[in-house]
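Order of writing sets the labels: A, B, C and D. Residues in every chain begin at 1.
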């Protein structure tokens, strides 16, 4: 068999440990200063960059899937995507908890070598910005664009901008939701047209669920789901995508919608984990660095806080939760639609 | 021996499991509605309340320690307090990660019984408010005082207010820092007086560390550490407390200051973990509930966000980090002071 | 609307906090001994019992599902079960990490009140034994049956035995796998008969994958999947169940098998988490208690170690991994079978 | 100022990301096989190796401290060591939870590229073996020495053996405990001599605490703490070290013993975390690989299980817990000894 003829693979060569384990050269060492914690500072950032590479790898595999014009329900494509997005969540879990290692570096220990690193900054992680861009964060929605430009080299700005030009997961998911790739021309599609009886029934049930003080929500409902002309500007998801996403959330108990529901949920979880990561990051920065008025450090902390608040990529999906109704109020689906959402057997 | 005469203790009686395990009566059951997730909703909140009770227990033990007029360096008091505060951190770690269990309740599953719970709200957890009060959050610094009053019963408002009237950990720590309880009348005390050579040396070193754009920090430094008259109003820590806290952070490598440093660090960690808990809480609320304009739920989420930003109790301690200098710039301490900060042997 | 007529629900009544928060009476208090850590000891065990109740609740919901004679593929039953099993995993995650709170109790602090608790023991948690029984641990496979009997009251032994008499998840899953509930009489069923071409092809591929030293595995393969007469005694899963479980693992990329695969994976995860919990438990016991020759404590630690090794409920499922082949070696499925494993659309 | 003249440091150069992010070359890519999960497999192992390097760095700093002939109580040496050991614990926490990322790789996905990696194996991680050796695991106590030799290159065996020849932390801690470095010739030393009244008092109290069935423990007590001639062979800690370690555990509430107690506790925690890591590792291996009789994989899993049980480095310290007495039974210390265990002030 072929495999017997392959050159044997050995752990340290396979992992290229000669590169990985020889890439730590503390600046303090070069200056003859003793700063035992600089090694930690280097290694934890390298570990982060490895994980960022892995996240980008997963996002690239997923985006390649959704770039297909048509995704057959019966291919493993969506299943595979959900699996990979959940892995991204696990990686982000590790990234968040890893912060607690860096928090063992006390401010005083950091001050031993901090000045030697200027003007380097975690902000300069291009891979992290490419993750944001791959998910769907656009340059014009980034917080602190000037700060941004001042910290990166031209070359790096170019790399990030190029990443922003490619179709992001946000764009691809919107398109996938719009064309309802999982059941293109079937009866389902008819049901989800705005003038279909289903939506009129749903609107009526939704209206009845609102208390007096909440009547204003009905108008929002109409503009987001039914009335194309009143659709607010500047949104990432189209009215059709909204409608289909809400439908998935409501009828996720039908087989065909299991995976689309998992997909949407997992996207929301990624947003939350990124937010959590930024939040922990802020704490870590404040704890080990503090803030002096007027230094770059200060705007760094400020940047993180604002990014944590405004860099939600799938925010519009998250907001759909407000328009759900309890199961007992849901319109019953027609039988043939139910069949179309089922397994053959 | 006595112990043989004690009535034998049995696990389920000792833990009063008849009470603990018979305290779950889902509202959905009373209404004849099937809502399998209501049990989870009840149990996780009960688990939280158990942990809150434990945190209050620890805080009470710690506050009793610091209420003593004098804490001998050689008593185990501070050691014990640090140990207990670190336990509080571990509990908060669990409280944060526990949120991921509640996040397995999907919005649709929550809607099955949500309406049956009105107007109950997690906001009504009196124990959580007592924890905040025990740490040092004052009523007038609480976010959303009106919302606050509208959600609680008069009796509960009274309980929280009473808790706020007792000496909080914040007040006690300030007093402990002020009187430098760990070395009351020794040479150290002389060194930390504002006109002592030490502080003038430190100020000079600090000034030399500032870049041009940062000179404004020197004024802040003076007002926080040296110039009683310029001391900003409304702060929790006094100028003396500030000064001693900074001294502890700088010279924590001396034996007598090990534990005080751990104490201050752990207080900051508690603030961070509470903030993290609120942050996760916000996510969970948004994910399972969403927000409708005009409902109480919406102000609940808003409340949490603002509380997460403004309810830092030991914020002023956290800010001291900005005034640290690297070890190589620290003024050398006089020999007799060093001896006073040491073990006998 | 009805809901307006309901009695308003208030947080503390809803959660019955009067019971929950008044169920802690330290023995040390009764004896006038100061032991500040006994509260922690009580509360953490109560928190565990709350979680055990929730796990039992989930297992009961799941078992009720699988007790149905027939589970339609198109009902949300399996989806719901997988969701609940994943929740059990999250709860067990919390249970494991919660151990770190108890580990903050040092041996010396435990000794302050340890003697007052005799002969209570965590081993006496009936709910934990009921969880094991509900999953499928049989009395005769329990480690340390004598120890077991000596520690529990007759009444408690009876409760556990009764739980063992009910159909466990293990029994139900075996039956579900056997009858291939998800596609009972279709072409699939024909394919998975032992004499079907599929299994002969798979056996040939499996044989070709074995190196010389591994040829003995082929015999095991035959006895577990093909040759009813050679089937080993005393196993929980039948030959048919094995075969179907392996098929699910191999062809999980087909829509109909997504959820069954998730189900099997999650059962394995539960076994692992329970093992992890026992492992952490052993550490905690050794760390806070130590072991003296001849005391009950010693057999307690021993018990845990053996239970950790032998109480795997779904062990036979875990072993199937050894009989998987890489995708490129898998026999191609007939087209009509593929269709039967698909969504309608 | 000097620092202005330094070459500016930029994030990606500082972290040598050109090396770190260009060290992933999947074997599947070379063979033209699609195996999207191989990237994860490479990256997670690289992340582990980075963390192993950091752990070795910390252990080297700590060993350098304990190699000093004399450690002054008033130097920050022990404080620093405890801090670094606690960091090692945090790193091991991350290492353990990181396993959950690898567990997202299903057996089928691993089989896509598994054969291409032969005979590489995680067992070949030289850094992990160096960690074990640095802590104190000796070659002759390693499980599976033959397996060991068969899997590593001669060069690697040589590296590990050299690491085993250096003074391990175990050896250094034993010596530090023996010479009671923290209070060499003071009254304390007199108290802990075997014939000192203290130990006779303690022995009497210990005896009185034993129940009838436990009397055999007294003999063990004598051989471990008092009777040099009956001291068991082959132990890592000497009788003097045992005695001092037990004294530290008992009187840790005195200032001078705070840090030594933390040190001993943290060493035990490292052992537990390594055991936990091996335990999770076993699960992961079994889940993704399974076991076939006769392959190297099978002995790999077996190896891990046995290593998990037998590679405890500080086992003898852990066992001391069994000889503790409750505080109320402890002999009172003489006043001058108490003073020697105190701060000057």
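Just so we're on the same page, a residue touches a chain if its C-beta (ideal position, glycine included) is under 8 Å from a C-beta of that chain, and two chains touch if they have at least 3 such contacts.
This structure is a prediction, so every number in the text was calculated from the model and none was measured.
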Item to check | Most remote chain, CA-based centroid, reference being chain A | outcome: D
Checklist entry - So which one's got more C-beta contacts, C-D or A-C? => result C-D
Next on the checklist: Can you work out the whole-Å distance between the CA centroids of chain A and chain C?
Outcome noted: 32
Item to check | Between chain B and chain C, centroid-to-centroid distance (C-alpha), Å | outcome: 38
Next on the checklist: Residues touching two or more other chains, restricted to chain B: which are they?
Outcome noted: 115
Checklist entry - What does chain D use to touch chain C in their complex? => result 106-108, 111-112, 114-115, 210-211, 213-214, 216-217, 220, 249-250, 252, 265, 268, 272, 275-276, 279-280, 283, 286-295, 318-328
Next on the checklist: Using the touch definition from the top, list the residues of chain A that touch chain D in their complex.
Outcome noted: 3, 6, 8-12, 14-17, 19-25, 27, 36, 39-40, 42-47, 49-51, 53-54, 57, 61, 83, 86-87, 90-91, 93-94, 97-98, 100-101, 104, 115-127, 153, 156
Checklist entry - Any idea which chain A residues touch chain C in the complex? => result 73-74, 76, 79-80, 182-183, 186, 253-256, 258-259, 339-345
